[in-house]
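What follows is a group of structures, each given as structure tokens.
Consider the two complexes below, in which chain A is the common component and chain B and chain C are the respective partners.
On to the complex of A and B.
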């Protein structure tokens, strides 16, 4: 792929309910912050991509209404909708467009306003004949897979709770995060109510209102406009077949994420992820998933994820900080969640991550995840 | 140097008001036909780009239903919610970026499973517009009313255009006598929504890969509020066409099109299309009849591309150009075009 780079990012302050703004206003908040960060005016944007899952708000073709919040009036604009990966897939679409020679500056905005809809209804997405009665929504799927993961790999609730604690502590440094608590403890997590065994409330990501945006530029424009762009070294997507029972250990093995990460590692020349990556922003919808995906992403060998979190390897200041922003566990406006991952990783490379900046971050991994075991992966770097 | 893109294969279902098959069954027929037409299999695809709308299909992430039949399992799939021709535009960007060489584009919709017209209300501004009870058809009616009030001969002309597009199935007089559905639009002037799927294989041009060349793409989103737009013209199409011309290398000039395949759901839209594209009488418009006799939302623009591709297979005139067009949203808020160039061998 021809090179493209991220030159600006912007996020709203994510919250349980942003009833102070309409959906277009929410989008505008993130979009204008991203343009300000990139030092661009709206007129300099060539194309807009909106990421959103319309059923969460009960809308059809929401870009028609919210597009102008993203400065899309009289401009090329389209919407990407792929469930949880909507945000990362929108960013990948933005990379392709900015690298195509057709557009020089592409603004990608993801948003979701869960408070205006019924999220569980929006997640009734499993096959209506075969799967919906067994597992619908996120929680049922996770509970099934996590029980299997615990049984096979010996991961404990305490180890998962450490992920929640790390997340809330990191989020306390992030002004945009929805849930933050610098003093959360493992005992707090283990005392929170069970949602679906073994998943407890504090193990699970929230539903948030929020939007996030990135500005992607062609190589020529990126060099002119930004002293230290976040270059897209590699990006790919893997989708999975739809039936829950058709793949053994579906969420545990995540062959999509394994394959996507191996593909971007190969393209970006990464052989030892733990050593070569400086930071990772991964899409962890539930604490146990972060542990499972340490293994899948090659941060440790099988069954060693619990030790990685216990040893503090993935904390800010550890060998490979994972989700210094607080991650999905601390802010989850679905259509924006993947864009937040990309924006956070890009901010680390741009050196604009603020209190949760990882000093000297040069290489970042981003992942996206959808309940159907869809996976996106990308590597951002400080050099083209 | 960006690669040339060839339309290497096409496939589609026959548009019908209600297809008794499931969405994946319909899509499978279109995809298998397109792959066979291109002489390739699923394994030859680098990526898939699909177009569909969750709210119209009544299920979240409705492309989940087609992941297997489009061959996207363990592959990159971009899924766009807009007219299928925007998926072509995006797939073109993917190929021009150097990311992929062979991309399958598929679009699907099944309007028979839900009250489609009512669902279009849910695409309108929920604060100022949706509570008024208007939908896409009423928006088209408002636009037609604005045009008809300034132009006493318009309704007769529209009836004649509609009669022509219906291949003589209804006379202009019968169309003018048909019931008003969104004044001044009458039943005989309105395209009938239905069920279907289309698929197109795009490939970076190499030795041995033949077909029309996708020379340019462009799209545009007009402001949402009808009051913020000049409803007497399709300026969104003008901008989309200028962008497509630029990507095709026709900087600053409108080329002559031998064929136009517009997505016009009403006769007044055909007049707006002809004016915006600045077409003359030398351009053949919708030789297959166009969409008035039956159209599939979201699939429509992609189906125009399959029609244009068939045209190039019939007419091997050197240097021929076709204008392919799609729309989505109220009163064609979204506009997308592709420029196809003469058959390459």
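On to the complex of A and C.
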């Protein structure tokens, strides 16, 4: 493999509903912005990857329908669908294509238009013999494993609420975020309605309409086209057993995410994540998961996640800002959500993150997470 | 500006899935209130519901072992948000209790409903037992729900 880097990113302004555009138009919006950011014309793109969970919109073959919005006609184009990790897996596939030497410029676009379909249908159509009869979506799955996490690690609803407050405050600096509130309080979160005990409305990610894109380039093209590329230092994906009941200890151990992060840390020479990482864009579908990931990703030891959020370690200005963009809790067009994580981390390295830029960010962690079944991790850096 | 134009689509369709050898034997057992797990010859993990392949060792599983119809609540929740039932297309209204229950004799947990929907009366570590329906037909809802043993 040869080095490859991200040289441009583009996002829509994610929202509850974008009924002013069709799915291909939504995709084109993000794709055009990424190409403009990279300083490229559509004709200069060698291959396209589309990330999307088509069951959510009830539309088959999205890569065919929206492909032209990603400028894919007469070019190689693939679709990737791996639940919540669809976006990060798409970016990693784009990286593999550029790093392998097969293509020089790869455009990756993820999108979802939840407002047009039935997200619950996409989540409910699981194993027809057992799980379908007891499925309560991502929410039910998370709520179950959170009871176990709380019982063993002593995490409190107040600590989880702090994650939601951080997220909404950060999102207020991000023009692309869907939910923003610079003045949100812990009391607001604790007063929001319970969806599934102990998860409250403000603990849970929204369903958004939106698209996000990145441009991955081979080392040679990246150096020519970009003064400060975001180099992909390491990237990996993990697949897992599909049944929540078969996963040992769930949030407490989460071997997919643990293994993926340890793998990219080893490749990128990260021994002390909290010290060596400048910023992290992690996939936290629910506040409690962000706390669990602090432990899984090695930001703190087991049982210390609550203290990390209380001490402001992961705030903008803290030792390791986590999700300065506002994260999944503030924008969640699922097929795009992982691409957003990568685009946000890359923008930090590129120095183009705007009001939520972490000054001098050189090393960034990205994670993806698809309810138990998948986890992805990437390290981006300012040097090849 | 004129009103936005959108396309509304409604449809009813049906699907039919083969259960496979492992689930067939398991489902047949349920009709006699018999619960069986498949044990991995490599790591010894006892899968319930049975799986054809071990998620740790990738070995094909064929050793059946008996499992009790009661066990320990490893995880629980009470769901308030209405959810789509993926078998019927009907909406299931909350609140309803759910749990991951490790039945005595199994190593994985069974995802099922709880009779209890009061969060103040639920906790990790409680014991629960299956409440069977009168008419058994070899499906997940042969067990109506689990009730906490107090």
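What we mean here is this: the second predicted complex is superposed on the first by the 376 of 384 C-alpha atoms of A that agree within 3 Å, B and C clash if a C-alpha of one lies under 4 Å from a C-alpha of the other, contacts with A are read in each partner's own complex, and residues count from 1 in each chain.
As a convention for this text, contacts are C-beta pairs under 8 Å (C-beta built on N, C-alpha and C of every residue); 3 or more make two chains touch, one makes a residue touch a chain.
What you see is a predicted model; the values in this text were computed from it and never measured.
After overlaying the two complexes on the shared chain, residue contacts for A:131 are found with chain C alone; chain B is out of touch. Within the superposed three-chain model, A:151 lies in touch with chain C and out of touch with chain B [touch as defined at top]. Contacts of A:140 after superposition on the shared chain: chain C is touched, whereas chain B is not. Contacts of A:19 after superposition on the shared chain: chain C is touched, whereas chain B is not. Shared-chain residue A:241: touches chain B and chain C both. Chain A has more of its residues touched by B than by the other of chain B and chain C. In the overlay built on the shared chain, the residue A:79 is in contact with chain B alone; chain C does not reach it.
By the touch criterion stated above, A:99 is placed in contact with chain B alone, chain C being left untouched. In the superposition on chain A, no contact is made by A:282 with either chain B or chain C.
Comparing which residues of chain A touch chain B with which touch chain C, the overlap comprises 58, 124-125, 128, 240-241. Per the touch definition, chain C reaches chain A in the complex via residues 4, 6, 9, 15, 17, 19, 23, 27, 47, 49, 51, 55, 74-81, 83-87, 98-100, 108-113, 119, 123-125, 139-141.
Taken in their complex, chain B has these residues touching chain A: 2, 47, 53-56, 59-61, 63-65, 67-68, 72-82, 86, 89-90, 92-94, 96-99, 119-120, 122-127, 217-224, 228, 235-236, 239-240, 243, 247, 328-330, 333-334.
Touching chain C in their complex are the following residues of chain A: 19-20, 58, 118, 120-121, 124-126, 128-137, 139-140, 143-148, 151-152, 193-199, 240-241, 243-246, 250. Chain contact summary for the complex, chain A toward chain B: residues 1-2, 4, 22, 48, 53-56, 58-65, 67-68, 72-83, 89, 92-93, 95-97, 99-103, 122-125, 127-128, 236-242, 255-256, 259, 370, 372.
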